[in-house]
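In what follows, chain A forms one complex with chain B and a second complex with chain C.
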Partner chain A sequence: MTPLEFLQEEFDNVGRALGETLRYDYGPERSRPYYDECVARLARIKTAIPKISANQLQTIRDRLDELSSLATWIWLIERSHLGEFSWPFAEELRDMAKALLAEKNLKGTAVNPIIHIIAEGEGYQIVYERQVPTPSGEHRFAIIAFPRPLKHHVLLHTIFGHELGHTALHTTGSGGAGGILQSRVMTALTASGPMASSTKMTSWLNHASAPTEIRSELTRYSASSGQPYSFENFFRQQWLDELICDLFGLLLFGPGFAAAHQALLKPTHPNPYKIALFAPTHPPYAVRHKMLVRVMQLLGWDRPVTNKKHKTFHYMERELLTYVLHDQYTPWSTLFTDQQLKRAIKGIQTVFSAYGSLGYKQPSADTLGSLVERLTNRLPPIVAKIDSIGKPQLTRVEIAQTLYAGWVYWLGRKHLAKQDPLSFFLTNRLCDYALLQQRAINMTISWGSN
Partner chain B sequence: MPIMAAHERSDARGAARLLASMALDCIGNPAIAGDQEVALNNVYRLLESYRTNAFFGLESPREQPTHDAAEKLTLMPPMERHVKEVRDALEQARAAAFAGKSKDQAVALIEKVLRAVAYPNLKDRPKPSAQDRKKATLFFKKLVEQLQLG
Partner chain C sequence: MTILGRAEIIRRIKSGNLVVSPILTEEQIGAASIDLRMGNVVLMVRARGASHVDPAATMTKSGTAQDYEIEVDRQQKHERYEIPFETKFLLHPSSLALVPTLEWLKLPPDVLGTVTARSTWAREGLSIATATLIEPHYEGIATLELANLGQIPIALYPGLRIAQIAFARVGGDTLRPSRGQFSRSFEPRQGDIAKDDGAFIPRRP
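After this line comes the complex of A and B, so read on.
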């Protein structure tokens, strides 16, 4: 078999796989655009193959690689079975991603991404297309992967705000959100201070105020490598990426993001100052936490929306804020000035307003009270009032507000008069149901206003 | 151990070379460009990433940690490789075709040529000159040369 014959064979194989894999609908009316894009890519590769001669070995290899990439996208759809992740949360995320990841083509026409959702054995992630695109793709795929074990844990799913930030940051085509994020937010965070350059990062690490954990790590590095540590630019960019995405997640989902961030990351960082100097891909947990706390303070989210007249709910909300805002880390962990953070916040808010009115808005005290009260009664947290003639009063509640109420309930449950509170799992399940019901409520409100 | 080395797959240089070759063909023979609209838009994506994405082609100076068995079994796309080489090739092609011009100026001119080739009937857009086409052609020729793989 010649390489060209093998290419033709591979083409036929991928075509067969496409036919077999996508015969079924993997979500309500959702797999059609995905299928169409795969078919179109395959058709474009088909027109290219007859133009390749047997001695163009590099081109044959490049087209094989392109087929392999397409095959991976086709197989990924098999992972998406409804029921393995929170469908209502996924739908909310899909709407956000669609708005944030749109691009414009050469003609100036908007090209929407195709968002697909799967459950995986690994952690939260969003898989996006390659940096160097293959010739055949028109719409870009973005695969949102939920961790299968956390199927119903919608309170933790707010961490997707961080992952969505990564994808948005790299959407740099004309009109892409990444253009604004890179030009405004990155510029703000590197204007001064340690993140301004690799040299400044090295100085910051070696500063006299650095905690003993850092000094010990630097000493161990010098002893094993025979030279003092020097922070590399690649890792400075990685840190910026991570920190911008933490900010992005916080501004998208509010304090619920900060709670999930702490719940997921703190247990895996017994040493909050750990950097892993040989490949420091992520900032130490202490740095990330301190930044989130400061941003919450700058936005006024450190103050409860309830007050003493809301009694129990007020005490419960204060418990959440105490948990999220507790910061025992050294001042050395502060990388940015308030001015830098304010400019970065403004940059992200610009993206949110330009791409679909996104971003966390605090609930009113009454709304929060109603939502938490529903949870205390073991009901999904929606605002479901019925007037004197029996007509339901429909109220739109943002997803981040529902999840905020979930965290308030869970972290403040010790203030409940009735003991035997819901477990974390059941709190999540009720919030998951609430997102489903809220989706129906929002649709009804939208239909009514049309 | 897999039968193929990891670096045999997801080689960004291959995709970039295909894109550059297709752009070159379309500029040389605009009559075929109508069928290559999607490929030309992907050339545009590549150029925009090169122009505006600070993370484009940023690669770790250290070897990436190997993935464990469970990670290999997942169907996530393999990690894209050699993007840095693509960025370097773009730099060299730009230096050859647009000496003294900024990255923004060079990319804007190439995109003007691509737009005119992909959408010849588009109104209210500046038309590229013969000189512009010549420069864009030189850019893609140099890019293909730089991306010849061993």
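After this line comes the complex of A and C, so read on.
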């Protein structure tokens, strides 16, 4: 078999694999754009093959690489099973991603990404295709991967706010989310302080006020490498990305994000100051947590929306705030001034304002009270009231507010008089079911207003 | 036995004594019933699944390898579909599908629920006339056992009002020794047809 014959064989194989994906039911219509995009890419390779001669080995190799890449995307179609993730949450996330990740192709035409949702054994991630949309109208793929074991854990799913930030950072084109985040937020965070340059980062690490864990890590590094540690610019950029994404997630999902951030990251960071100096891809947990706490304070989210009049729910909400705002870390962990953070917040809000209702808004005290009360009665947290003649009073509640109520219930449950509080799993399931019911409520409201 | 009328149903819902939520339209509450909407999960018996239903096949000997086989049979009996809103589900003639209600129910100690098909749909052949009673104290979704008794398939969409529930006041104490096996259900699932009837069912060798 010659290399060119092998290329033809591989092309046929990938085509057959794509065709076979249609045998399975992945949910209604959602896989159609994804499938069509794969067909279009396959067709482009098909057009190219007859023009290749047997001695163009590098070209054959390039086409094989394209086929291999396409096969990977095709394989991901088969990883999408509606029963393996919370699709009410996924639908909300899809809507957010579609708005945030739209970009212009080289012709200047707006191109929406193709959002595909799968459930995997690994952690939360959004895989965003790096290839820029071409004039031929190709769309980028964005794969949202839920961790399979956490199918119903919608309270933890708010961490997707961070992942969505990463994807938004990589969008291209002027006026898009990526452009604004780079020009407004990145600029703000590097205007002064340790993150302004890698030299300043090195100084910050070596500062006398650094915790002993850092000093020990620096000493170990010097002993093993034979030279003092110098922070590389590449990793400074990675830290900036991570910190911007934390801000992005917080502003998107509110304190519920901060709660999920702490619940997921704290157990995996026994040393909150650990940097892993040989490959410091992420800032220490202490730095990330401290920044989130300060931003919540700057936004006024450190104060409960309920008051003493709301009694138990007020004490429950205070428990949540105590949990997310508890900050035991040294002042050395502060990387940014309030002024920098305010500018960064404004930059992210500019991105959100371009897409209507994106971004966390605090619920009213009455709404929060209603939602938490429903959970205390073991009911999905929606606002479901009828008047004295049986007419329903339908209320839109934003997903982040529902999830905030879920966290308030879970972290504040010790204040409940009832002795049979819900488990974390059941709290999540009820919130998950509430997202489904809320979708039906929103559809009914929209139908009525048409 | 007294059937609750519309005013009593509304009064109980408003006070939180009875929960059927969400109520999406005023018409959902009838003279003496509440319409129930189809939820988003469908369980259908798998064509290549179990050959027949036999309570003896569900009897377990705890800790033996047999438990694995029983669990596999139980879990693989049905094909499970999640059906988002605005998505069609076709119920073919003579087939049975288990679906949840969109509504979450919570019944007080003195109320029994009775689920039936809505006559509008029954005229098309849609039957929901199998397990119809919902006990006092129940909380969770209600499972609707849908059967198409007509000659042509019926298209169903989540959110449609396909069933109705009427409520009757129950006299006397309704507390039972243990929670019902389907209480706090979020979706339909296979029941245990041998539960508490072991005395009458032969054990596997």
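We take it that the second predicted complex is superposed on the first by the 436 of 450 C-alpha atoms of A that agree within 3 Å, B and C clash if a C-alpha of one lies under 4 Å from a C-alpha of the other, contacts with A are read in each partner's own complex, and residues count from 1 in each chain.
Keep this in mind: a contact is a pair of C-beta atoms (placed from the backbone, for glycine too) under 8 Å apart; a residue touches a chain by one contact, two chains touch by 3 or more.
Just so it is clear, the model here is predicted, and its values are computed rather than measured.
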{"item": "Clash or fit (per the criteria above) of chain B with chain C on chain A", "value": "fit"}
{"item": "Chain B versus chain C as contact partner of A:H170, first or second or both or neither", "value": "first"}
{"item": "First (chain B), second (chain C), both or neither touched by A:Q328", "value": "neither"}
{"item": "Which of chain B and chain C A:A440 touches, first, second, both or neither", "value": "second"}
{"item": "Partner chain in contact with A:V127 - chain B first, chain C second, else both or neither", "value": "first"}
{"item": "Partner chain(s) touched by A:G178 [first = chain B, second = chain C, both, neither]", "value": "first"}
{"item": "Most chain A residues touched (candidates chain B, chain C)", "value": "B"}
{"item": "Partner chain(s) touched by A:D62 [first = chain B, second = chain C, both, neither]", "value": "first"}
{"item": "Spatial angle chain C-chain A-chain B, Cα centroids [nearest 10 degrees]", "value": "130"}
{"item": "Which of chain B and chain C A:W75 touches, first, second, both or neither", "value": "first"}
{"item": "Gap in Å between nearest CA atoms once chain C and chain B share a frame through chain A", "value": "24"}
{"item": "Those residues of chain A which chain B touches in one complex and chain C touches in the other", "value": "none"}
{"item": "Chain A to chain B touching residues, read off their complex", "value": "40, 44, 47, 58-59, 61-63, 65-66, 68-69, 72-73, 75-76, 78-79, 103, 105-107, 111, 120-122, 125, 127, 130-138, 145, 169-170, 172-174, 176, 178-179, 182-183, 186, 232, 234, 237, 241, 278-279, 281"}
{"item": "Chain C contact footprint on chain A (complex, rising order)", "value": "25, 27-29, 82-83, 87, 91, 377-380, 382, 384-386, 388-392, 394, 426, 429, 433, 436-437, 439-441, 443-444"}
{"item": "Residue ranges of chain C touching chain A (in the complex, touch as defined)", "value": "6, 9-10, 13-14, 16, 19, 21-26, 28-29, 37, 39-40, 80-88, 102, 104, 106, 139, 159, 184, 186"}
{"item": "In the complex with chain A, residue positions of chain B that touch it", "value": "9-12, 14-19, 21-22, 35, 38-42, 44-46, 48-49, 52-62, 65, 70-71, 73-78, 80, 83, 86, 111, 114-115, 118-119, 122, 148-149"}
